[in-house]
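Before anything else, here is the set of structures, which you'll find just below.
Heads up, the next two complexes both have chain A, just with different partners, chain B and then chain C.
Up next is the complex of A and B:
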């Protein structure tokens, strides 16, 4: 087993175990913390693939942004003594069936796919390439989608401010 | 072996080749990681202890007192004595707390600051990881620390802790923007995020001189925002002792409290290091382009001394802030960020981009 394989196994085991803990924990803040571990390990996988930029964005956005947001809203709304109720048996059975069916579908697809080994070196996609791709209008340029997404985000931001604002009347 | 205090690259290669010649590459890698880990732990502990001592001395100086002066000459062993006391204290058991999260929180805070520290260049070749996304990595990793503070506040099951954590969360999340944007101003000038390249580009002049007006504005914004991000006075409302006893770490005692305490000081050291590296050239000596004789004399001072000197200066500035300004209210704090620092920063980035396009920088 090479070092990379060992690290991959380590990260995957952490992701699987903490994903299960996230959905089975009955305390909502613990679930959020376990989700944090899942997201940090995912960024570890990206680092392993040498997609450094993606890994850092994963850490900033998901671990530092979304999880903080979730924890913040839990802090505002729930008390420490609260525990999530155990759902009824029928619900649990259907949830289990849905989950297993999804897993089987994914595993079957992965097993049937013929993976072709690429000789592509991810270290070459450095931050300069990404930046030029984002802002160029020529071939392999993503200026239009980039701008459309920024307008969408701006609209969402203004919308949330309007919703959260106190009405004067 | 050629041990050279001005360039550690050959020293690193000597260790690497030595280890690889006596064991397999995997074990050599593991040994190297262990060595670096131990060196960083020692560095962390020593710097943390020294900063606590320095803070008490600076505080005493500002209040016209002597400060610690009984344990050892000039009281330099005072913090070691304090540390031993903290180690021997009882870890108080909180009955209705969430024990898992309560015990986890200090580790998240300390691991985040530890990971961020690993990207700091201390001298030429004295650099644990040199990512091409260096600055982004530091911002990303240090943003994890706030999770530990929020968890600590919630899991203590104490209203003071909860309010402290909420304040701290709102503060860190908003001031992170200003820190990131002020660093981005310099990235526009440098054209790279890699720390080794950033330092190397400042060989013929530090960025604060090269980028003149926008760089100075960016540095001032960085200094304010990073003081706020480390939860230090005058932005220490998260642990305002007059209203919240001790904020998010009210229920912590002994070594767990020491973790929060140490992480706070190390975060201060970290932001001072980043500030020194990005704005003041890191380990790069003071050079004036054209003055060859002067530059040669400056090169005789070892890079590590330059680095420590600049970092210590910024830390000293941050300590002066703490003991000079009164604490802000939460609304003043958020107004300062969203209505002043953020617009100034955005305009400043445009200004810097214009300056770089027009080649008005040196």
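Up next is the complex of A and C:
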């Protein structure tokens, strides 16, 4: 077993176990912490694939931003020692059947497909290529989605401030 | 082939994560835990994009850009969703989806 295979298996075991704990834990704050572990090991996978910039973005935005936001809202909306009610058995069984059937179907399809896999190119993506791709308008350029995303972020910021602030009625 | 790790491993991992997220979305009743399940689903899609980019098309950066945009959209979605959740909590004092039937006709 090579180094990369070992690291991949380690990260994937962490991801699967903590995802399961995220959706089954009865305390919300613990579920949020398990989600943090999942996101951090996903960024480990990106480091493994040599996407260093993307891994850093994943760490700062997901693990640093979204999880903190979720933890704040947990603290604002529920008591810390409160436990969630166990969902009814029929609901759990039907959800598990749906999820397992979908997963089995997808995994069988994936394993039967032959992909044309290129030899791995160990070059790191440098920041210069990413920046030029983000701002160029030609082929393989992403100037338009970049601008749309910035407008979307501005709209989301204003919208969430207006939604969450106190009304004067 | 990525130094001994075939692409199928990545795809199976992201499938497992996706359907764990689906299970959580169907089972949970609390709004914040449903939001966490959605984050799991989005994250699994990101892993798929990155693996396809690096292993099948190593010359380009499409998958990486799509992942960046997905992360940005997820951040916007989480902030708006949490603002809505806090607003609901202020009015109804709980955030269970099954108790939110005030706007039902």
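Quick note on the criterion: the second predicted complex is superposed on the first by the 160 of 169 C-alpha atoms of A that agree within 3 Å, B and C clash if a C-alpha of one lies under 4 Å from a C-alpha of the other, contacts with A are read in each partner's own complex, and residues count from 1 in each chain.
One rule holds for everything that comes next: contacts are C-beta pairs under 8 Å (C-beta built on N, C-alpha and C of every residue); 3 or more make two chains touch, one makes a residue touch a chain.
Quick caveat: nothing in here was measured; it's all calculated off a predicted structure.
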Once the two structures are overlaid on chain A, check if chain B and chain C clash or fit side by side. fit
Contact-wise, after the overlay, does A:116 reach chain B, chain C, both or neither (first, second, both, neither)? second
In the superposition, chain B vs chain C on chain A residues touched: C
May I ask you to decide whether A:92 touches chain B, chain C, both, or neither, giving the answer as first, second, both or neither? second
For A:127, select first, second, both or neither according to whether it touches chain B, chain C, the two together, or no partner. first
Contact-wise, after the overlay, does A:74 reach chain B, chain C, both or neither (first, second, both, neither)? both
If we overlay the two complexes on their shared chain A, which of chain B and chain C does A:36 touch? Say first, second, both or neither. first
With both complexes overlaid on chain A, what's the closest CA-to-CA approach of chain B to chain C, in Å? 13
On chain A, the residue positions that both chain B and chain C contact, one per complex: 53, 57, 65, 72, 74, 76
Given the complex, residues on chain A that touch chain C span 1-2, 4-5, 8, 12, 15-16, 19-20, 22-24, 28, 31-32, 35, 38-39, 42, 45-46, 49-51, 53-54, 57-58, 61-62, 65-66, 69-70, 72-74, 76-78, 84-85, 87, 91-92, 94-96, 98-100, 102-103, 106-107, 110-111, 115-121, 125, 129-130, 133-134, 140, 142, 145, 149, 152-153, 155-157, 159-161, 163-164
Touching residues of chain C toward chain A in the complex: what are they? 1-13, 15-24, 26-30, 32-33, 35-37, 39-40, 43, 46-47, 50-51, 54-62, 64-65, 67-69, 71-80, 82-87, 89, 95
What part of chain B is in contact with chain A in the complex they form? 26, 29, 96-98, 100-101, 104, 131-133, 136-137, 139-141, 143-144, 146-147, 150-151, 153-155, 157, 162, 165-166, 169, 173, 176, 193
Residues of chain A defined as touching chain B within the complex: 3, 27, 29-30, 33, 36, 40, 52-53, 56-57, 59-60, 63-65, 67-68, 71-72, 74-76, 80-81, 126-127
